[in-house]
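Shared between the two complexes below is subunit A, which pairs with subunit B and subunit C, respectively.
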Partner chain A sequence: MGRYILMRLAGLIPVLLILSMITFALMHEVPGGPWKEGQRPFSEEQLAALRARYGLDKPLWQQYLIWISGVVQLDFGMSFKHPDESVIGLISRTWPVTAHLGLMALLVAFGTGLPLGIIAAIKQNSWLDYLVTLVSTLGFVMPHFVWGILFILIFALTLKWVPTGGWDTPRQWILPVLAYSLAPMATIARYTRASIIEVMRADYVRTARAKGLGERSVMLRHVLRNAMIPLLTVFGPLVPDLITGSIFIEAIFRVPGLGKFWVTSTFDRDYPMIIGLTMLWAVLIAITYLITDVLYVFADPRIRLK
Partner chain B sequence: MPTDLDRSDLLLAPAPVEAYREEADRRDLIRPPRSLGRDALRRFAKNKLAIVGAAIVLTLTFFAVFADDWFIALPMGRTPTPLLARTPYNKGFFGPVGAFPGREYWMGTDLNGRDLYSRIVYGARISLSIGLLAQLVALAIGIPLGAIAGWRGGRADFLVMRLVDIMSAIPTLLFAFLIMARLGAGFWNVMLAIGLTSWISICRLTRAQFLSLREKEFIEASRMIGASARRIFRIHLLPNALTPIIIALTFGIPIAIFAEASLSFLGVGINPPMPSWGQMLGRDGITNMTYYWHLALFPALMIALTMLGFTLMGDGLRDALDPKMINTK
Partner chain C sequence: MKGKFARPLFVLILLSLIAALVLGCTAPAPQPAQPTAAKPAVEPTKAPAQPAAAPTKAPVVNRAGVVLPPDAAPIEKQVMRYGETEAKWMTWDASVYDENWGDYVAWADSCTRPNKEYEPQPNLCTKWEISQDGLTWTFYMDKKRVWSDGKPITADDMVFTLQRFARPDYDFEWFYSMANIVNWNDVVSGKRPPEELGAKKVDDYTFTVTTDRPTPYLDKIFADLWVVPKHVVKDRLNDGSWAFDKNNWVFAGPYKLESYTKGKELVFVANEKYNGPFPPMMDKIIVTFMAVETRWPAYKNNELDAIGGGYQQDLPPSAMAEIMASPELKKQLISWPNFMTYYLFFDTWNKPFDNLKVRQAFSHAVDRDKLIAGPLQYQGVAAYTMNPPGFPGESVEKLKSVQNYDPKLAAKLMEEAGYPGGKGFPKLTLYLRNAAPALVAASEAIAGMLKENIGVDVTIQNLDYSIYTEKMRSQKKNKGGDFIFALVPYEFDFVDGSNMLSPWGGCEKGGVTDLSAMPGRHTWYNKDFNKLLCEAGAVLGDEAKRNAMYQQAEKILIEDVALVPLYHPILTAMVKPDIKGPMFTPDKNGTVTWHRHRFTSRESLIYRSTGTR
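Moving on to the complex of A and B:
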């Protein structure tokens, strides 16, 4: 197991290298530069000085080598847009807020999605099932910025129960967490229901019933345990997705988090930030898949890692 | 009556089981054979939610196609005039600015005095066509790559799968943004950016289909009696792999519409004055939401309705086309 994990982590390195090269080439390929379209007009000399200072006048392969030699020492460079902050500093300043929001949304999503999916599967084709299906379809299909806007219109502007935005008091957390958790909640409920229904039709469940096991014990020990295994693949990627934030939620509810940088870094041609975020995402995704694969071994004794 | 007691006719009649069998035989002969398509259609028609979804999609398509009488007007050399929409989408400054929904402008007007209802109707055209075209781009990339990887295996499979690995490690939104920044905002570029970022799941799906089909007995049998690779591909592989791909396509369209709305929401999608629901939300919608609520509400509802329609239809289509689902409903 330890060997397997090490091998997987080692296999990550070439992927990250190639990914960084592609991103590097792609982002420099995009026309415009970090100081081209800014509000402050720079003279040609100033621009040249800035470009020289940040090494943008060198050939691309040299810039890449400089960047990679920094990365080896865990230095991802300074942000262009926020010149007094390093990429790592910027990320570690804004990520806690986003992670906080994301974790609360995850908690809500699992806390409601799992029970809903299980109930819908057990009471298949009842009105309860249809209700859960409808709710989860709605949650599944609507972009969270649409939910966010509808929630603000209803709960903040019409009913005036909660503030429209901000991130200072727990009352301000309610709407963004709710809007952010609906899509994963729906995903969880949908897949849980489908997986349980599939398992309930399996031969070993019929055998368990035939040998006289109670309904409770059949559901808990045979159906639920087996139904959870394929769900790991679906649930795993939800975690990095939610904890890295969403520009939509953060823009609509004015949350000062990491989410907006996924988009603004490209607008601002903030090269170190773009590539830093890409690396962060790639590592997170890879670790998530690794953890799900390892969890499989515990969930299903038939699976061996090699 | 004496005949009541005479049971000879009962004895002469075939035994009940026999009669049942004969009846069943007769029915089987009468019942015409049903193809998968017909069967699927029947199952689809029985599914109420799917019918609702299909109705939503058809209505939206109708509005998208006939937003103006473009199809009739252009060949006849007239300028198109709005048929379903009240005004052309880009006609501004002719009505009251920021009017609330009322009798004359029943979705209100935007801050340029344009009829919101007209813009919503034109938005349907933009959303649907981008959804469909982007999926076609994704199919055109994903299916050939997935087919080669799954059918050939070996080195081709390795290369394609590493490409897929790398592509799925790039944050989609950031990648779409880079493409949009490179190409510039606009209808065709949005379509291309979404297509280029959404072929991965179709590629994976096609590969998995081909991989499992390759080992099936009927393919082996076909190969054994000397069928050419081309014939196997055409007669056996493609039709069998088609169903999941059709399902993926139906689900892919709302995902592409979602992506278009997101990009336009952030201001790198459809360029004004061409309307798009996401753009209407992102530009005027959220900034003026506290007062001009209709600018946010109607585009948001339309996005929701479209996504719901396509997903319900896709769910129904999947249940109808998947033979394994026959016994469950």
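Moving on to the complex of A and C:
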């Protein structure tokens, strides 16, 4: 398995190279630059001076080579939007906050989604099942920023239990974590329910019951374990998605995290940040899929990694 | 017995413990006898209903030693909390379009300053003279003014500031170019060294500025001459990153930056070294970085003390509707007209807008009143001119009828132009620049009016700032392209008749050889307009004559339908009712504003009171 993991990691290098080239070319294609023009557009001379300031006056291939030579030394350059911070520094400053929010949301999502899915499956077509379905559907269909605004309206403005935003105290964490966890909670609950129901109808479950195993053993040893295999495929990508943040949640609740940079770096033409984030996302996705593949081995003894 | 009484006894003991704990927390702790001299200088202000206590009350004094009015709340309450967007730079000399809050409240102070009537008043420069030929200005500086590190603010700093502003990668360079300072463009382009700029030190507290031609409004421009500390910045070409180093935190304004937490907040405190005309009243200012959409809920939840009054939509139409429906909230609202105009413009050098009748038809087909009553409710007043009401040289009343709403006339003009009922007219795209939802809605309404009144199909495209600017630039540079119909605002830079007409032209250098090289930012050109603007700019000491010339120029602009003015915005702000001070004194028109551009520091004119305003 070690060899398999190493091979997969090595295979990531050409993927990242190609991805960086495509991203580099695309982001430079978009008009504008990392400067703001006010009421009057810059003259050609001023634009030339600005391009020189940011090193954008060189041919694109040269800019790429300069960038890639920095990356080899783990230097992703300085952020254009935050001129006093390197890309690595900026990500190091903001990502822990986002990861903190994401992990708490993940805990809440799994902590509620899994039991809800299991209950709904076991009590299929009961009022409990319908209630879980209703909650899950609401979690699905309403975007988290709508939940966020709704929560602010109810819990901050009406009930005055918590502030409208901020990230300094645990009281300020409650609403963003809740709003952020609803959609993944719904995903987890729905897929868990569907997967368990499917496994519960399998022949080997009927056999387990026929040979006299107790319902508890049937559920824990046969149903849940087998139901986990398809769920791994669904749950895996939830992790990088949640720990890289959401611009909406972070903006609505004033969370000083990484989430907004996924969008603002493009608007600001912060090229080093755009490509830095793209690389981060690619690595996270690749590692997540790798971990998921490894977990399959533990969940299903029939699977072997070669 | 044990079993029978154990539980009630336990509950009783528990309740007693809780009661003791609560009482222990709430009851005043025994105080040791204190000599009267040991009393704190600032005591909580007594309620006005207890006059007997008033004589013993010590005045509230902030950390800069400023004594606040008798009704001031205790010093720990003299804090203002704002919500702002985090920007890239810290200071005015780095960028004017992407800088954090605090530029001219803390970092810098200006040569002159406008009063409530926008007339230049002394500030760092206490007086100024113009030479007989109108080309040389001499500025005399206040000798007692110092930076927060105690070093004097001198003429060296002022000359350095101008040299620093004359650099090519500075986004506000264009503004200072309007001062016509000798060799400005050559210094910007690097053809001449900065020492050859027409700004010279005479002695430590006197400097001169020489201009290419008489520039009667130079003292107004110098209200935005925000001094840069030469002894700290040193390199005039520094990109602005000098201000990120805490060792360089040197301030000229009434406040100073105490801390900057990236992604979270800026904290300013009163500058005890400030000795200018606007000593700080508020003791502390906390600027939290937050999205514009979150400010109204935060204000309602008492997490912010004032919102709005700027260029972001802190108070969207839904918030305004809520405010207007509540007498209590309405009392906290401050609204005032801004010198700004939103307008439609065309590429008048190409078909179909090279035809005056087409432009006239468009101007008569837009019902501004409907826009104001609908999507732009509470946000503006109908506009028919570039210069807004009250602006020097304005002709609002005289020109109002030139582009009045007249759908029948609009249809007739389209017919005369060869497009009866819009037949044969190309489908248009109306480009917007990073427009807020209300403006997008207004644009949709305009598209509807154009379809209904003159049969023209218009689709809306809301572009990001850079792409819009790039398209506008290339349309003029190439004298053609697809950017033929767009909407944009223009806000005044300084209150002078020349200013709001300047996007449309200015002094021509040499004969007309290339339209794309003509002054102004739009694809419209008029020789007489440029001549009037240029000549009016050189009239010294006769404001009435200058303004009459600007009126003539604007008549040309409006009659030629270079633009279709839509509305002049009304700025709105919500300010907590316990905030009082000279900021709320009305100007000569009875208007109260919350516009920090008008003063060196708004926070020097407000304090928190125990009462309400």
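The rule is simple: the second predicted complex is superposed on the first by the 290 of 306 C-alpha atoms of A that agree within 3 Å, B and C clash if a C-alpha of one lies under 4 Å from a C-alpha of the other, contacts with A are read in each partner's own complex, and residues count from 1 in each chain.
Just so we're on the same page, contacts are C-beta pairs under 8 Å (C-beta built on N, C-alpha and C of every residue); 3 or more make two chains touch, one makes a residue touch a chain.
Everything quoted here is computed from the prediction, not taken from an experiment.
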Between subunit B (first) and subunit C (second), which does A:Arg193 come into contact with in this model arrangement: first, second, both, or neither?
-> neither
Taking the superposition as given, does A:Ala251 touch the first partner, subunit B, the second, subunit C, both, or neither?
-> both
Looking at the overlay, does A:Arg93 come into contact with subunit B only (first), subunit C only (second), both, or neither?
-> second
After lining up the shared chain so the two structures overlap, which partner does A:Trp35 touch, if you call subunit B first and subunit C second: first, second, both or neither?
-> second
Partner chain(s) touched by A:Ala286 [first = subunit B, second = subunit C, both, neither] | first
Does the superposition put A:His222 against subunit B (first), subunit C (second), both, or neither?
-> neither
May I ask you to decide whether A:Ala49 touches subunit B, subunit C, both, or neither, giving the answer as first, second, both or neither?
-> second
Pick one for A:Glu85: touches subunit B only (first), subunit C only (second), both, or neither.
-> second
Following superposition on chain A, which residues of subunit A contact subunit B and also contact subunit C?
-> 30-32, 152-153, 157, 164, 251-252, 267
Within the complex, which stretch of subunit A touches subunit B?
-> 15, 18-19, 22-23, 26-27, 29-32, 133-134, 137-138, 140-143, 145-146, 149-150, 152-153, 157, 164, 197, 201, 247-248, 251-252, 262-263, 265-267, 274, 277-278, 281-282, 285-286
Complex contacts: residues of subunit B adjacent to subunit A = 49, 165-166, 168-171, 173-174, 177-178, 181-182, 254, 258, 261-262, 265-266, 281, 285-286, 289-290, 293, 296-297, 300, 303-304, 307-308, 310-312, 315, 328
Would you pull the subunit A residues touching subunit C in the complex into a rising list?
-> 30-33, 35-42, 45-46, 48-50, 53, 81-85, 93-94, 152-153, 156-157, 160, 163-167, 251-254, 256-257, 267-269
Residue ranges of subunit C touching subunit A (in the complex, touch as defined) | 88-89, 95-98, 167-169, 171-174, 188-189, 239-241, 244, 262-264, 288-291, 293-294, 297-298, 300-301, 303, 464-467, 469-473, 490-491, 493, 503, 521
